[in-house]
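Both complexes below contain subunit A, partnered by subunit B and then by subunit C.
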Partner chain A sequence: MGRLDFARCALLECVLRERGAVDWIAVGLSVDVPAGTVVPRRVNDTDMAIWCSAAGKLHAWGDRCPHRGMRLSHGFVRGETLSCIYHGWQYGMDGTCSYIPAHPQLEPPKTICARSYACNEQDQMIWVALAPTQAKTPDAEGRRPVRSLEITLPVAKVAEGLGHPMSSLMVLGGVYDLAVALQPSTQHSCVLHAFAGADQERKQVSRHLEKMRAELESADA
Partner chain B sequence: MREAVDDHWYPVGLLSGLEDTRKTLLLGREIAVGRNGAGVFVRDAAGRALPTVARFGHLWTSPGQPTRDLFTIPEADTPGRQLVDVGSVRVKCSPLRAVENFLDIAHFPFVHTDILGAEPHTEVERYQVDIREEVDEVWATEVKFFQPQAARSAEGGIKTEYMYRVPAPTCAVLYKTCPPRPGEWDVITLFVQPLTEEWCEVWPWMALYDDQSTMAEMVSFQQMIFMQDRSILENQIPRKLPLDPGMEVPTQADMTSVAYRRWLKRIGYTYGAQLVAA
Partner chain C sequence: MILYDYILSASCYQVRLMAALLGQPLTTRAVNFHPAKEHKSPEMLKLNPKGTLPVLQDGDLVLTESAEILRYLTRDTPDWRGQDEVWLSFAAALNGSIGTARLHDILSYDADIDAVRRAGVQHLRQLEAHLVEQRFDGMIFLTGHTPTIADIACFPTTALAPDGGVSLDVYPSIRLWMRAIRSLPGFIEMPGIHRLHELEAAP
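What follows is the complex of A and B.
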């Protein structure tokens, strides 16, 4: 990285921080990506394939196969690898291509590699970081994940509506002891991932969240 | 002088389906296609009549001044073949991506599983590819691949041989060994109408030796195959075909695609292409 690039990065980081950008972004509940599956997620306009190996290890990769650009989220999981659905190229845990079915004898060059992002599982929630970070994944302090809701508002509007400064995990408290994580998907929409107190009744919390969403969206209309 | 994008011939409809005048797009511009007393016509938005050719069951036109006749497929004229108008499928992808996918065999076991290919028979053996300067076409020959069910009339797995031909930037012809007639080739084509740079209408057409299947069966077989391809084509990033090396990673099995991209670049056909690695 050149000096200028580095300076630019540092500056960008500053700007992002000021805007309340966050290191770790929740992208879904662990139950929504069980072992052996892959799903697409959009994070800040970055397309990702989130997948869970047979052994239960989660990964977040750029949703694009280096071979011919096919979305990896349409692929399939075998053991600890993810394969692209187009020509079956297989990628190992570190994102490098380990097998090209058209050339079974060939050892793929190490340079063939899917883009990978930091991905952690904590409190049964999946978290990703768009840029390398030293920060710890947020701690939900014993709360349990309830569900994810799509909201057709920019993430900043939602934070504003909730009356909370933007952070990875925003503790709202209240009757249900809520904590929410906002995933910016595009410029105009986001996904709210909610935790509630461990002893709260899921159905009730879920209904409450829907009401909350309706209020946020109508306040903006 | 090379032909400009406008000067090529493009398919715009089935000859058997021109009863009602149809408004459609060609290279991003509106055209009207239909039949009148004098025969068939294609008109641009200003009402100007565009040149037409009726061939391979389709109506062809060009918004520019074609310097050459539309290509021919002599093999398709041999008697005893069933000529199959498959119809059309609209696909949200570059017309060039649609052609490139048609030239690809390595995807058979994964996209057309148990029909055109099956694991563990995934290996693509070396084949011949050349850009034939005299005719200005791309050819791939001696392509061999294991197929569990090579065509509707095929029972059980066979090693099938293919030849691929790109006679025009948005058209491809596949010659494929023909189970009921050893020594002859079935002809399967993909004619692509570029609606825009990222949206196309695909008109597959076939000239087959097959006296077991009905026309409806042959049509639905080919449509099913193409629907599987569409699920790929609409999910490639970027939608346009990258012509510059660097953005995608070809291997030996992709020699036809490499030659096709190189040829497009050489003839300056960039409609639906992405030129700089993004």
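What follows is the complex of A and C.
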């Protein structure tokens, strides 16, 4: 990682803390990143590759291959490694490069390493932290995750529209006993990850969330 | 059976993919769609006065709509049929939104690019919402536990959305659905839609 990236991360961390401390950011439901898959996520303008090994271990890495910068989320998972789609460099659990197909005899130097972020699974939701944190991942208090929806509004607008101060997990309650985690994505969009009461009919909740999104987006239009 | 084919056409790929999944032999005749506009040549217009691709010829029979071709290819394989009609129309709508955005971006077609991309996002949201509900019921395909022509009709244009500047990153259920299709035995690629490398032996 370049110096500038590092400075930018530090700055971002300050800004986030001032805004009311969002240490852990939800990036998706565990069922949406099953074992053996990798997905792209944009978290506060940082591109990440979130992947789950064959054994079920989750990782959040910067979405850039240390070789030539290809997006690692275009790659593929084999066993406990993530391979880049471009030249096939393979990365192990600790992010270091373990194999270079063009040089099968070579043991890659440990300095070839993907950027990794803290990543936790709790309540069947995947949480990442952009900077090291002591905070615990939020507790959904028995609710179960329903789905994720992109909203084409900045995260602050959505929090405002929901009438809640921004926090890692916002309990909205209501008939479906909703709790939502907002993932700031770009400057203009965010992703809402929703939990509902464990006995709620998820199709109903999903349709309710669609309506909620439509209302939020049209209120701003 | 002869398919008048263009390698970059999502609609032609529907036909190639369907035949491959069924294990049906298909002879392809490459038509120079771009830049030669060979689909508008006198010979092609005689075959298909609409001047579009794909065109499927089987003996005396000539079919010029991808939906019809999919129905024809699966006429003896009921497993590949389900509640497909609404999805065949949906595939045509996708072709009008995301498909048009793609032709605009890769072949410089005329289009109100912002409008077709916006319509494309609405279509993807509908598709995602449906697949979310399917998954709640333990199903990954559009109409059930196994794929039908509905899936094959909607898959190519959807998978190629990024070519038209429409991201698929924010649709987890669409991504898993596409993955399920790419995992099917007999799956074939087209430029922009690759196979699952992890299914192959390590180098």
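In the analysis below, the second predicted complex is superposed on the first by the 205 of 221 C-alpha atoms of A that agree within 3 Å, B and C clash if a C-alpha of one lies under 4 Å from a C-alpha of the other, contacts with A are read in each partner's own complex, and residues count from 1 in each chain.
Convention: a contact is a pair of C-beta atoms (placed from the backbone, for glycine too) under 8 Å apart; a residue touches a chain by one contact, two chains touch by 3 or more.
Since the structure is predicted, the reported quantities are computational estimates derived from the model, not experimental observations.
**Q** In the overlaid three-chain picture, which partner chain does A:Met70 touch, first (subunit B) or second (subunit C), both, or neither?
**A** A:Met70 contacts subunit B only, not subunit C.
**Q** Based on the superposed arrangement, let me know which partner A:Ser206 touches: subunit B (first), subunit C (second), both, or neither?
**A** In the superposed model, A:Ser206 contacts subunit C only, not subunit B.
**Q** Applying the touch criterion given at the start, work out whether A:Pro101 contacts subunit B, subunit C, both or neither, answering first, second, both or neither.
**A** both
**Q** Could you look at A:Gly174 and tell me whether it touches subunit B, subunit C, both or neither (first, second, both, neither)?
**A** neither
**Q** Go through the superposed model and pick first if A:Gly56 touches only subunit B, second if only subunit C, both, or neither.
**A** Once the two structures are laid over each other on A, A:Gly56 reaches no partner at all.
**Q** Per the contact definition in the header, classify A:Gly142: touching subunit B only (first), subunit C only (second), both, or neither.
**A** neither
**Q** More residues of subunit A are touched by which partner: subunit B or subunit C?
**A** On the superposition, C touches more of the residues of subunit A.
**Q** Determine, under the contact definition given at the top, whether A:Ile85 touches first (subunit B), second (subunit C), both, or neither.
**A** Both subunit B and subunit C are touched by A:Ile85.
**Q** Once the complexes are superposed, what residues of subunit A are shared between the subunit B interface and the subunit C interface?
**A** 85, 88, 101.
**Q** Any idea which subunit B residues touch subunit A in the complex?
**A** So the residues of subunit B touching subunit A come out as 104, 106-107, 109-111, 119, 122-124, 231-232, 235-238, 242, 247-254.
**Q** Over in the complex, which subunit A residues touch subunit C? Could you list them?
**A** 28-29, 31-34, 36-37, 39-42, 76-78, 83, 85, 88, 101, 147-148, 150, 185, 191, 202-203, 206-207, 210
**Q** Please output the residues of subunit C touching subunit A within their complex, sorted ascending.
**A** Interface residues on subunit C, with respect to subunit A: 125, 129, 132-133, 135-136, 169-173, 175-176, 179, 196-198, 202-203.
**Q** Can you check the complex and tell me which residues of subunit A touch subunit B?
**A** It comes out as residues 47, 63-64, 66-71, 74, 85-88, 100-104, 106, 112.
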